[in-house]
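Per-chain numbering from 1; labels A, B, C and D assigned in written order.
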Amino acid sequence: MTWHKFFDLGPLSSHPHNLFYAYAAVWILQGGYVAWIAKNWLATSKARR
Amino acid sequence: MDEMVLEKAQAAAIATQPQTAAAELREVSKVYGAFAALRNVSTSFEMGSCTMILGENGAGKSTLLRMVAGLISPSRGSVATFGTTPQEQRGRIAYMSHAPMLYDELSAGENLRYFAGLRGDGCGLCTGSPEMALRAVGLDPHLKRPVGQYSQGMRQRTSLARVLQSDPELLLLDEPFSNLDVESAEMMVTLLADFRTWPITSGPMAGIGRRTIILTTHQAHLGAPIADTTLTMRAGKIASVLKREPAI
Amino acid sequence: MNYLRQVTRHLLKDLQLEWRSRDAINGMLFFSLLVVVVFSIAFDPTGNPTTTRQISGGILWIALLFASVTTLNQSWAREVRNSVLDAQRMVPAPPSALFLGKALANLAFVTVVELVIAPLFVIFFNVHALGNGWMLTAIMPLGTWALVVNGTFFAALGLRAKNRELLLPLLLFPISVPAILSMVNATTDVLTGDVDPIQPYFWIKLLAAYDIIFTTVCLLLFETILHAE
Amino acid sequence: MQLETPSRSVVPRVAAAAWFAVALVVLAIGFRQAIFLVPTEATMGNVQRIFYYHLPHAILGMVFPYVNCAASLAFLYWRRRDPWKALGADALAVASAEVTVIFVTIGLLTGSLWAKPAWGIWWAWDARTTTYLILWMLYVSYLIARKFSGGNDEGHTLAAVISVFAAIDVPISFMAIRWWRTQHPAPVFGGDGSLDASFYPAVWWNIAGWALWGFLVLGLRYSLERRRQRIQEEAALEAIEASLEITQ
C-alpha cells in the first residue's frame, strides 16, 4: 500500500476511504484529549500564580 | 463478689479516664470548597457540663455540633467522644436539630416506638418507654394525630422526647428554642435541667458519670439558666469561653 | 435474629407511611397504565398478534422499570423531609437493615402494581402464556427485586446530588442491562413458548445470580453511602 | 506550604517527555507496519488495515476499567485513614475512567467504520459491539454522576461506590450478552481469530504503541487532577488560616 492510496478518498459509495477516516478519527480523539489536558494544565498553572 | 468486681471496674474507670472529656476537638477544620466552616478549633466539653454555643449564622455552630454527633467528619484534625470516635459511641449520644427529625405521617407515639425499637432490645428497658418520655415533655402519649399536624411547639417537644427516651449521656441540641414561644422555651429549659440530674444506669459510666449537654442558640437569655459554660463562635473559630455557676 | 427484627421494623414503618399517604403506589399504577396504553397505540396489538406476543414481555418490563424509577426517589424523599435521615444515621444499629427494609417495601409496592397491571396487560394485548405460565411466578419477583434493590441503592446514592431525578435512571439502566436482558428474555420465552423449555431456566438462573450478587454488594456498600457526608 | 521546588519537578517531566518520545516512535513504526509493510488481506483489501488501530483500542478499553475499580477500592480503603492518599486514588480513578471512555469510543468508532465495508452495515447488534456499547455507557454514566455529585469528599465516595458497581457489572453483562447473542444469527466475524503470522508485526507494534500512549495519557491526566487537588488544598488552607476580619 502507498501514501497515495491511503489518502485516496474515492467515491462515497465504496469504502476504501474508511481506512483514512478511522486513522484520522483515532488521532483526532487521542490528540484532542491530550490537548485538553495540556490546556487545563496551563490553566491551573495560571491559577497558581 | 459481683459488687466487688463492679466497684473495682468503676474505680478503674475513674482512674483511667479522669480527664476523659465527653467530647473533644483537636485542631479541627471543616472546609466546603473554599469556605471554612470551622477553622482550627480545639476545645473539650467536660463530662457533666452544660455548654451553650452562641454565634451568628454561619459561625460554625451547627457544623461543630454535627461533627460531635458523628454526622460529618472533619477535613482536618480529630474529634473524639468519650475517648473514641463518635461513630463508635452512637448509643450514648443523641442529637436534636431544629428540624423535627420525625415522620410527618406517624403520630408521636408511633414515631417514638419506632425509634426506640431501632435501638435494640437491651436499651429499651433501661431508658423508660416512649410513653414515659412523652409524658415527661408534657404530651399525651395516646394522641392519634400525625406529627405533621402538630404545632411547632408540640413538634419540638416530641423531638425532645425522641432524644430523651434514648437516655443519652451526651445530648446535642441545635437551636432547640427556635420557633418556640417563651413559655415553651422555659419549659424546655426546665426539662433539660431535670435531665441533667438523671442518674446514668448503664454503660461504662453507670453510676459514676454525669450527663453532658451541648446546645447552640441565638437566644442567649433562654439558655443561660442551665449553661455553666458559654462558648462564643465567630467565623469558624471560638472567640471566647466563659465559665460560671449555672442558675439552676 | 435481631437484625431481622430491625429489617422488619423498617419495612413495617415504610408500609405504614405508604398506607397513610399512598403517593407511591397510586403514581406508579397510573404511570405504568399510561405506558401500556401508549405502547398499544404505537403498535396496534390486535392487528399483529404474533409480534405482540414477541414484544409484550419487553413492554411489560419497560413499563415496570419506568414506573418504579418514579417511585424509588420518592421512597428516600420521606427520609430526607424533616431530616429524619440524620436520626437514622445516629441509630446504633446496622444501616444495611434500613436499606433492606426499604428495598423490601419497594418490592411490595411494585408487586402490587404488577398484580393490578398484569390482568390489564392480558386484556389490552390479548396475550396468554403459550409456555409454562407458572414460571412467571419465579421470573416476576426475581426481576422486580433486581430492579428494586439496585434502584433503592442508587436513589439513596443520589440523595445529596443535584439532578437526582436524572441521576437514578442514568445509573440504574446501564447497571441493570444483564437483569433486563434476563427478565425480558425469560418472559418472552414463556409467553411465546416456541423455544425449548431449557432456555427460560437459564435466564432465571442468571437473574437469580444477578440478584444475589447485587444484593450482597448493596448491603456491603450501603453504610458507605449513608455516611458519605 | 512549598509545593514544587523546580529540582523535584524536573525528573518526572523528563521521564514523561522520554516516554512520550518512545510512544511516538513505537506508534510510527506501528503505522508503517500497518499501512505499508504488512501484506494486504485477501478478501477485504486495504480497508482491513483499520483493524490494526481498532484492536489495540478495544483491548486497552478493557484494561483501564480495572485500573478504575482498583483505584476506587483504594480510595474507599484510605478515605478515613489517609485523606491525601485517598485523593490520589480518586485522581487515578477519574483519569482511568476518562481514558476508558476515550479508548472505548475509538474502539466503537473504528469498529463501525470497519463494519460498513465488512458486513454492509454501520452497526450490528452482535455480542461484541453490544458489550462495548454497555461498557461505554457504564463509564460515561460514572463520569456524569461524578459531575452531579460535586467535587467534594462526599462526591468522591459516591463515585467510588458507582465504580465498584460498574466493575462488577462489566463481566456479568459481557457474559449475558454473549449468551444472548449466541442464540441469534449474528454477522460472522472473520479475521482476528485466524490471523496469519504475516500480520503479527503490525498488530504487536500497534498494541505496544497504544499501550505506551494510553498509560502516558493516564499519567498526564492523573497529574493534572493531582495539581487541581493541590490548588484546592491550598485554597482550603488559606480559608482556614484567613485572619478574622472582625475587630475583637
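Worth a mention:
Simple rule for what comes next: a contact is a pair of C-beta atoms (placed from the backbone, for glycine too) under 8 Å apart; a residue touches a chain by one contact, two chains touch by 3 or more.
Everything numeric here is computed off the predicted structure, so don't read it as measured data.
Taking the mean of C-alpha positions as each chain's centre, the chain lying farthest from the centre of subunit A is B. With centres computed from CA atoms alone, C is the chain lying nearest the middle of all the protein shown. The mean-CA centres of subunit A and subunit C are about 44 angstrom from one another, to the nearest whole unit.
Once the centre of each chain is set as its mean CA position, subunit C and subunit D turn out to be 32 Å apart.
Rounded to whole angstrom units, the spacing between the C-alpha centres of subunit A and subunit D is 17. Subunit B and subunit D have centres, each the mean of its CA atoms, that are 49 Å apart.
Counting only residues that touch two or more partner chains, subunit D has 153. Residue positions 73 of subunit B each touch two or more of the other chains. Residues of subunit C in contact with at least two other chains: 229.
Counting only pairs that meet the touch rule, the chains in contact are A-D, B-C, B-D, C-D. Across the complex, subunit B is touched by residues 80, 83, 151-153, 232, 235-236, 238-242, 244-246, 248 of subunit D.
Against subunit D, the residues of subunit A that register as touching in their complex are 1-2, 5-6, 15-16, 18-19, 21-23, 25-26, 29-30, 33-34, 37, 40-41, 44, 47-48.
Those residues of subunit B whose C-beta lies close enough to touch subunit D in the complex are 29, 31-36, 39-40, 73, 75-76, 234-237, 239. Remark: subunit D residues 76, 134, 137-138, 141, 144-145, 148-150, 153-155, 157-158, 161-162, 164-166, 168-169, 172-173, 175-177, 179-180, 183 touch subunit C in the complex. Taken in their complex, subunit C has these residues touching subunit B: 2, 5-6, 9-10, 13, 16-17, 20-21, 78, 81-84, 86-87, 89-93, 227, 229.
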